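Structure, as structure tokens:
Order of writing sets the labels: A, B and C. Residues in every chain begin at 1.
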Amino acid sequence: MNNYSLTIDSITKTFGRRLIFKNVILKCEENGIWGIAGPNGSGKSTFVKCLCGIISPTRGKVIHSLNNKEIEPEKLHNHIGFVSPYLVLYDEFSAEENLHYFAEIRGVKYNKEKIDYLLNEFLLYDRRSDFVKAYSSGMKQRLKFIFALMHSPELVILDEPISNLDNSGKEKVYKIVNEEAKNSVIIIASNDDSDLALCSSILDLNNYKND
Amino acid sequence: MIWQILLFFIIAFVSVAGIAFPIVENPIHWYEFPLIPGLEENAKIIFFHVPTSWLTVIAFFMSTIFSIKYLRKKDLVDDAKAHTAAQLGMIFCILATVTGAVWAKFAWGSFWSWDPRQTSIFALLLIYGALFALRSAVEQEEKRATLASVYSIIAFVTVPFFIFIMPRIMKGLHPGSADDTHSGPVVDFKMNSNMLLIFYLSLFGFTILYYWMWKVGYKSLIYKDKLDKQIK
Amino acid sequence: MIVIWLSVHQSLILTIIKTTKGSAKIKMTSTALFRKDLASEIRTRYAINSLVMFIIVTISVILFSIGNEKISDYLSGGLFWVVVFFTAMSGLSRAFVSEEERGTSLLLQLIASPSTVFSGKLIFNLILVFSMNVVIANLYTALFEAFVIKNLLLFSAAFLFGSIGIAISSTVIAAIIAKAGSKGTLYPVLSFPILLPLILILIELTKMSMDGTTFEEGMIEVAVLICYDVIMISASYLLFDFIWKD
């Protein structure tokens, strides 16, 4: 039923004069976990932002298709979940309010069952009505996972997923990621070996640097 | 090279002719201009004021065209072209404002009187100023190009208001503009053929000059860019 | 001339409607974004506080500078829009600047399409401008004896469409400066040339309504105002994609 596929058709990105990566080709046609590797500053974050359409590549195309039909860019955001250290949630709302507003702004139903399950899994259920500004950075990171997964997206992008997390948090993330990989494409951008160990295939951005 | 020399002669001739040719009541010789009642000697500034304000508008228009082109293709060369056009537009805008103010001093009695055209050129000056302020505020090249393009397009769509609508609204503001023929287009009244010739020659010469400056300007920007790249 | 411009922009609007298919959904999501902004505003009171203070400050500065002098009717009408302009410049940039400052614009990019974001922010600024202008108008009529409107209908039309125009232009300029580096100082610099035709028309219309000109005579100016709103909103929607995406 879920025939999502992601095609990256030789994309190149330059910032002014600086080349970030060149002619990257990747095709994700079945559910599973893909990895993007590369040291700090190699353009992993830029690459994943290209994937979700926030940055447009200098050359090339990123094609998201569902059941062999390309997803309109206007609706793309409802098919993608995204976790990144740069992501900031609204401080002045509680976790639950945040999630409610996200669902409303996305125009999707607030899936209480799934969200409660995720809140429980990430040990945030008891503190769901606390303001996010009172959260620790690890708790914020876990809340970002709920934000990314709450609408059951077809593509989940995890940029450095385990930053700020303690060991039990990491274990939890790996468990959830493995569960989600059954029904969605997951892309992990990281230089942490334990993250990359989850992936079935790894793309090293360092191989796409030469002019 | 040939046309540059030609351009030199045109501009030189226009400058000399525009300033030095006498204005007499009944022109007989080819170098004599007719007397235009109400303008008299002031009429000579027409050879410099009209081309500069014409180029201000042309530069603004070109800057918008290349901004649109940049947003479509995201090619930084287009941005360099738009930026150079805006820079030149700023220069000509200042020149047009100054020559216009000088003319206004002698024709209407004061340097500035918020005539519709003066208001429009003032707004254009503000737009150019804002555009440069915006450009200097953004570090990253692509973002700077995009934001400047968007701003110049937004500014461009407000221009019709000044051109078509301001004259209607401003007429109550200052005395003389409602029945003052000088604020209207000047080309079509009582210029004799030699005056018209010099006028069009001046318009033509300045336009070519502008085009040349623009070409040199944007090419130097591109070369500067390439050099920076090599150094890095 | 106006008719030509109106027809040109009617076609622009049609293209916008075509590009934003499923506009009902966009309306819903943008009102959700608006409700989020409103709730956030009620909690932080960031824009409202500065707006209210700015109204008080500008009006009192004008009152002090007038002192016991008697000012003419027209001048008081012009000063009214000066107060409106500067108050708008103090608070309206918040819509985008606050998202950019806190780093939440990435979040918004992930959950909403550009047109949703722009509509949501526009609704917020519309409400803000409108309530701000109502407050200013009431204070102004109470404090300035010279400010007497004879044709209330004409003034209301100017007030309504003027507020809409200010909201649209200031929203799109706010989006631009949020992406540019220096935020506070650039805002009035960029907004003024764009708002200048609007302000000139509004001052003219205010004068007319003070003179008691009939509504029919002021029709063309009101049409110009509507024209400005239509042109600005179509240009903003078309260009917002470019501003919003990095």
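Here is the rule we use: a residue touches a chain if its C-beta (ideal position, glycine included) is under 8 Å from a C-beta of that chain, and two chains touch if they have at least 3 such contacts.
The structure presented is a predicted model; accordingly, all values stated were derived computationally and were not measured.
In terms of inter-chain touching, the protein chains here all touch one another pairwise. Chain pairs A-B and A-C differ in how many C-beta pairs are in contact, and the one with more is A-C.
In terms of Cα centroid distance from the overall Cα mean, chain C ranks first.
With chains reduced to the mean position of their C-alpha atoms, the one farthest from chain B is A. Taking the mean of the C-alpha atoms as each chain's centre, chain B and chain C sit 31 Å apart.
Inter-chain spacing, taken between the CA centroids of chain A and chain B, is 52 Å. One finds 37 Å separating the Cα centroids of chain A and chain C. Looking at chain C, residues 246 sit in touch with two or more other chains. Multi-chain contact residues of chain A (touching two or more other chains) are listed as 56.
Residue ranges on chain B touching chain C, taken from their complex, read 71, 119, 123, 126-127, 129-130, 133-134, 137-139, 143, 146-147, 149-151, 153-155, 157-158, 160-162, 164-166, 168-170, 172. Interface residues of chain C facing chain B in the complex, by the touch rule stated above, are 1-2, 5, 172-173, 176, 179-182, 186, 189-190, 192-194, 196-197, 200-201, 204, 220-221, 224, 228, 231-232, 235-236, 239, 242-243, 246.
Of all the residues in chain C, the ones that touch chain A in their complex are 20-21, 25, 28-29, 32-33, 35-36, 39-40, 43-44, 102-104, 106-113, 115-116, 120, 245-246. On chain B, the positions that touch chain A within their shared complex are 74, 140-142, 225, 228-229, 232. Interface of chain A with chain C (complex): residues 49, 52-56, 73-75, 77, 80, 82, 84, 86-93, 97, 101-102, 104-107.
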